[in-house]
């Protein structure tokens, strides 16, 4: 048989952040299973090399060299931005294409340092732009409180949001606070929100903190509109927050849940695991599909060629047909605002 | 003024949450001088047990108060059993070992229990049912203090008083104090040291379980990692109050909770932990044994 | 003795909360003397040592040490380590060795304040440091030989029997090159035979030019060794004098010795 | 009352007692004398169950007690005043005494005994609310002895009770030992450096050398023995 | 004496039943409250019972054999029992070739293994430096420090920031990182001088958290949680190097660092300063009474320990070319502490072995993916229970015999 083509899958697969890394891993495995069933890429089967960086930069750097020495042709990953930053120089030097499903820091692509890096998720600034436009234009917010979880992702979003709001001069940022992840009680910060008289709260971060915040706000009868990011656009958020989730806004890729590819893979996942896939599942599937498509279409497996193919060839993914711009950011993944209604996310008008 | 009061209540809530966990820390430390890093995990296990039992009972359609009581009792039983077992397996064989060895054993236990629960259940956050019903008469004050906050405050106060009385006046309490000061001598006056230590772990773990149920109801969600973060803060509070002292643990927790609350309210929550730990350092500089801790008597 | 006292204490008072452990104590010790401090349990003897050596901060009083080259050095307010450097060394009533270190190392620690190797010296091990290190070992071994512990030099201090631990404490204190050696119940826990050996050891030390102040309840040892005796009770000096004078002093007999004393 | 048969005790891999046998009749005072490090304290710790002999038998009132937990031995009537006093430093003097009576339930009796002890050692009464750790060495020794008496033991093990005590008090302690032996019929096992005094109050004595019993006899004969005089009495 | 007695069997049965009870809610019932699902996994009960029972039996057998061996030894009269490690190190005929083989192995390591292996070995070696540094504070001076990683962070950020703003190179930054960390060590040392034991532990833990929070929140200074990327790798006379060469170079650099650390710490431990540190651990009051200035010696301990963390930090920043606050969490401090204690407090060889085991083991346990951390936690407990003094118990040097030898 032909020697398999190796593709690395890197991310948090164990530990407390596993819930962000495992969906991508499962997505990649499902895609590869299909591809291999159809005969692989250019006649060679795909073999996944899984590495678990637990979202730790130093582990990511070590594991990147592992992937390099294992001879992978491309990497799907990493999940968190920090590890991605730590690993990218290694992939660059070793000439390997990396495509991240969920690393959103703008500078990864915009710095122009990493020509072989791509991602299937919008960068923070685009997301913040969507959020800010929505609250200014649709919600007509005048006073905005911005919270973040002090993390790379949350803080990045919060900073861009603040910047955009201030530039727009249509509203005022009345509060800018970092909260502590894992804290048992947020009532002090909630009192502060109340006192700031904000009409909208923007939160940059992930769903566990978001649901705690929302629940505790609602318990204290504070009904300020809550707007957050892709990190909470996850059914898990609604399930944990329950009825308090109603009316919460979250940005996310344009709703493609009726897209046949999305349906197909979600169905497969559900059959396999018995639950709905978590966040970034679609992104992971998209990244894997994109890289396999590029390998198929590229002149050779050389990184330059694969990268060129990623840029030029359109590919069908759960987000519809996408390709990548010269920086490596996705073209075709639209961004929308969603709102929780009756226990589900719906596109907000 | 109203804002100030709101912050006070928020600090008290947070403080009593810390206190419920800190009490167990302080008891175990008091008796065997061990920073029981696995204590946070016992609290987490209490919360999980309550969640599991409550969910099962809910399927059988029991009324809410019955579920609350049964789930709490189950949480106490199993947390106590875990606390007991952890001591037997990981700490008892290490009596008389170099001082830091049990600490490493405790860290290992903490890692083990976290991963055990993660693998046995799920790494994801699970919503915790609202076991404590909202009391209507509190509605007017909800902006300051909700039902769960009140429940936590009350339970903390009761537990502290009962424990203090127990340690001061009961035989078990005396045996605990003697054991903590000189284990050999405690044996020589007829104290069953092994039993006393087990009782201490069981009591501390039961408190953690109560904490687990209350706190999880308050936060509304749990995962396998909640014990670790809460545990570190609770331990800080115990030290602040004077480790080994029961009222100290509670006082330390309130001081810590209030500091964090005011730091968030008047400065910024970004640095709340910086304030908390700076306060700790400051207090320890002036009172090296904590707020209520008695300076170790060193007569030469 | 007409020379300057090597140690002079005036009006020393120490209070713990309500308890007055020392009450305006005065005392002088002259060079080359073996002086003893005796008194009932809880009279304040150990407290006196603790005040002298900077472990407690006395409530009132003046403490002066007079080394030949620097007469009248005030000890008040010095930290324990500075007191030791100034020339006062002590042993402890409840033995305080470094139990996890070897016997030799215990004595070598005593040399700390008389040596100077710094971090870089230690790393580079220049000739100066090496010489100093060798001296430290030699002096320490010599001291161990003197107290009869040379053959257990590599034993952990904690494994020594009680009496040997007491002798090790003396060797360790001697290593700091004191002018005045303070011994707190050196014979406690020793049998008469061992006490006799201790007696000659202490005498030898004095003969080498040190002054000694000792606390002891073993009257045989006190009476046979001391040139001068101070008796305290309730923190106050109730008598002083030579052993002959003290022994027959009715106040001392009543407070401390009891009737029917017959000590050689 | 108590019998040790061919007991070997080790610390880790170091042997401290060799083939040690001794016995005490009820109501007797016996003393064990020996140089530093001979193994006297080790013997007491083995009887109290803190150290478990690797070989041999220990019988208390004809019952095998080897391996029984120390607290149960206290319940059976064995109390010890350990070497180094072991006062509970943060408990007050009065609480230390309470701990001595930990297994007793007769409130009245406890109070009587406490009063009796305060009579014996008035200084302890003065200091009753002070933490034990602050006491002077001699005061602690008095407290340690008192604490053991509070248990009303049948067999009292005393490890160097006179250490650090003023001559007056030392004599007083030995009076008390004789007294409780007479009045309360407490059997006493006395380990003492002050062999002279010890042999004066004891009925019989054992001599321990390097972990082995080398001699045993009636106390007055030992007192008169020239070898003993030279080695242990300093005459 | 039978290998298994009836008593052992009963004990095993009780253990089995107890653990079945203990694990019942968590292992048997799996709830998914988001889906309102309850799954019963009765088979787990069986596994737990069997596992607990056999574990109990095995310990009984093990203990029985151990006792029997001891019994036999006693009859053979005085077999002086010296631990294996002690025997190993006291006998140069055995230890020298083994040590030489070890040295050779490390020297040619990059020739034998893939770059990935080299890379994780480099990481492990960095932890050796960290472990040895912490060992000065915890193992030698007895000051429990739970925030050691703060100094590591200081070193790493010193290099990262200097490199980012001023283009300072690795070799210049290396000593600067050490010095900065030492200063922070003293800074931490001052307020905690009066604290004892575990009070110290919690303050140092707090100090670690404060440094971490400042790094996270003070973005103008530290670039916040995003971290600093593109830090220059260590240069070698300005040569251009390929990826693999760079990694190998870093490996040898780290080896050199480890050797330097061992050399310095070994000399320090056996010096006047080292003895004073040991004495501090043993008895603070007696230490002062011997004329040792407690303040100076404590600060020295903190500064010395911190220096090595700072140096390791610079090395870390250079190796990863990227730093962010996530690398400096409390767990990292705990890990380094585990290295020190597991290896054997105060023992250099022990710390080296401890670091290699604790850092390499999780890497190789990756095969067990999910069970990796579970096994790791259990291992820490088991190791401590069976060998509380650590893998290599500390052996104190004998001064005079050596000096009297020719």
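Order of writing sets the labels: A, B, C, D and E. Residues in every chain begin at 1.
Convention: contacts are C-beta pairs under 8 Å (C-beta built on N, C-alpha and C of every residue); 3 or more make two chains touch, one makes a residue touch a chain.
Just so you know, these numbers come straight off a predicted model, no measurement behind them.
Undergrad: Let me check something: if the centre of a chain is the mean of its CA atoms, which chain is farthest from chain B?
TA: Result for max centroid distance from chain B is chain C.
Undergrad: So, comparing each chain's Cα centre against the centre of all protein Cα atoms, which one is closest?
TA: Smallest centre-to-centre distance to the global C-alpha mean: chain E.
Undergrad: When B-D is set beside A-E, which has more C-beta pairs in contact?
TA: Most contacts of the two pairs: A-E.
Undergrad: Going by the average position of its CA atoms, which chain sits the greatest distance from chain E?
TA: The chain farthest from chain E, judged by C-alpha centres, is D.
Undergrad: Quick one: report the Å distance separating chain D from chain E, using the average Cα coordinate of each chain.
TA: Spacing between the chain centres: roughly 46 Å.
Undergrad: Between chain A and chain C, what's the gap in Å when you average each chain's C-alpha atoms?
TA: The mean C-alpha positions of chain A and chain C differ by 73 Å.
Undergrad: Could you please state the distance in Å, as a whole number, between where the Cα atoms of chain A are centred and where those of chain E are centred?
TA: 35
Undergrad: Using the average of all C-alpha atoms in each chain as its centre, how far is it in Å between chain C and chain D?
TA: The answer is 30 Å.
Undergrad: Among the residues of chain B, which are close enough to touch at least two other chains?
TA: Only 124, 126-127, 270, 273, 296, 298, 300 qualify.
Undergrad: If you look at chain E, which of its residues touch at least two other chains?
TA: 32-34, 217, 285, 370, 373
Undergrad: Which chain C residues touch at least two other chains?
TA: 46, 55, 92-94, 96
Undergrad: Residue numbers of chain E touching chain A in their complex, please.
TA: 32-35, 114-116, 119-120, 123, 216-217, 219, 224-227, 229-230, 242-243, 247, 316, 319-324, 326-327, 363, 366, 369-370, 372-373
Undergrad: Using the touch definition up top, name the residues of chain C that touch chain E in the complex.
TA: Residues of chain C touching chain E: 53-55, 79-81, 84-85, 89-90, 92, 96-102, 104-105, 108-115, 117-119, 121-123, 125, 129, 132-134, 136-137, 141, 153-154, 156, 172, 176.
Undergrad: Please output the residues of chain B touching chain E within their complex, sorted ascending.
TA: Listed in rising order, the residues of chain B that touch chain E are 29, 33, 35, 45, 48-49, 51-53, 55-56, 59, 74, 78, 81-82, 85, 89-90, 93-94, 97-98, 100-105, 107-117, 119-122, 124, 126-129, 232, 235-236, 239, 243, 270-271, 273-274, 276-278, 280-281, 284-285, 288-290, 296, 298, 300.
Undergrad: Quick one: in the complex, what on chain B touches chain D?
TA: 171, 174-175, 177-178, 181-182, 184-194, 294, 296-299
Undergrad: List the residues on chain D that touch chain C in their complex, please.
TA: 14, 33, 35-38, 83-84, 123, 130, 134-139, 141-142, 160, 163-171, 193-196, 230-235
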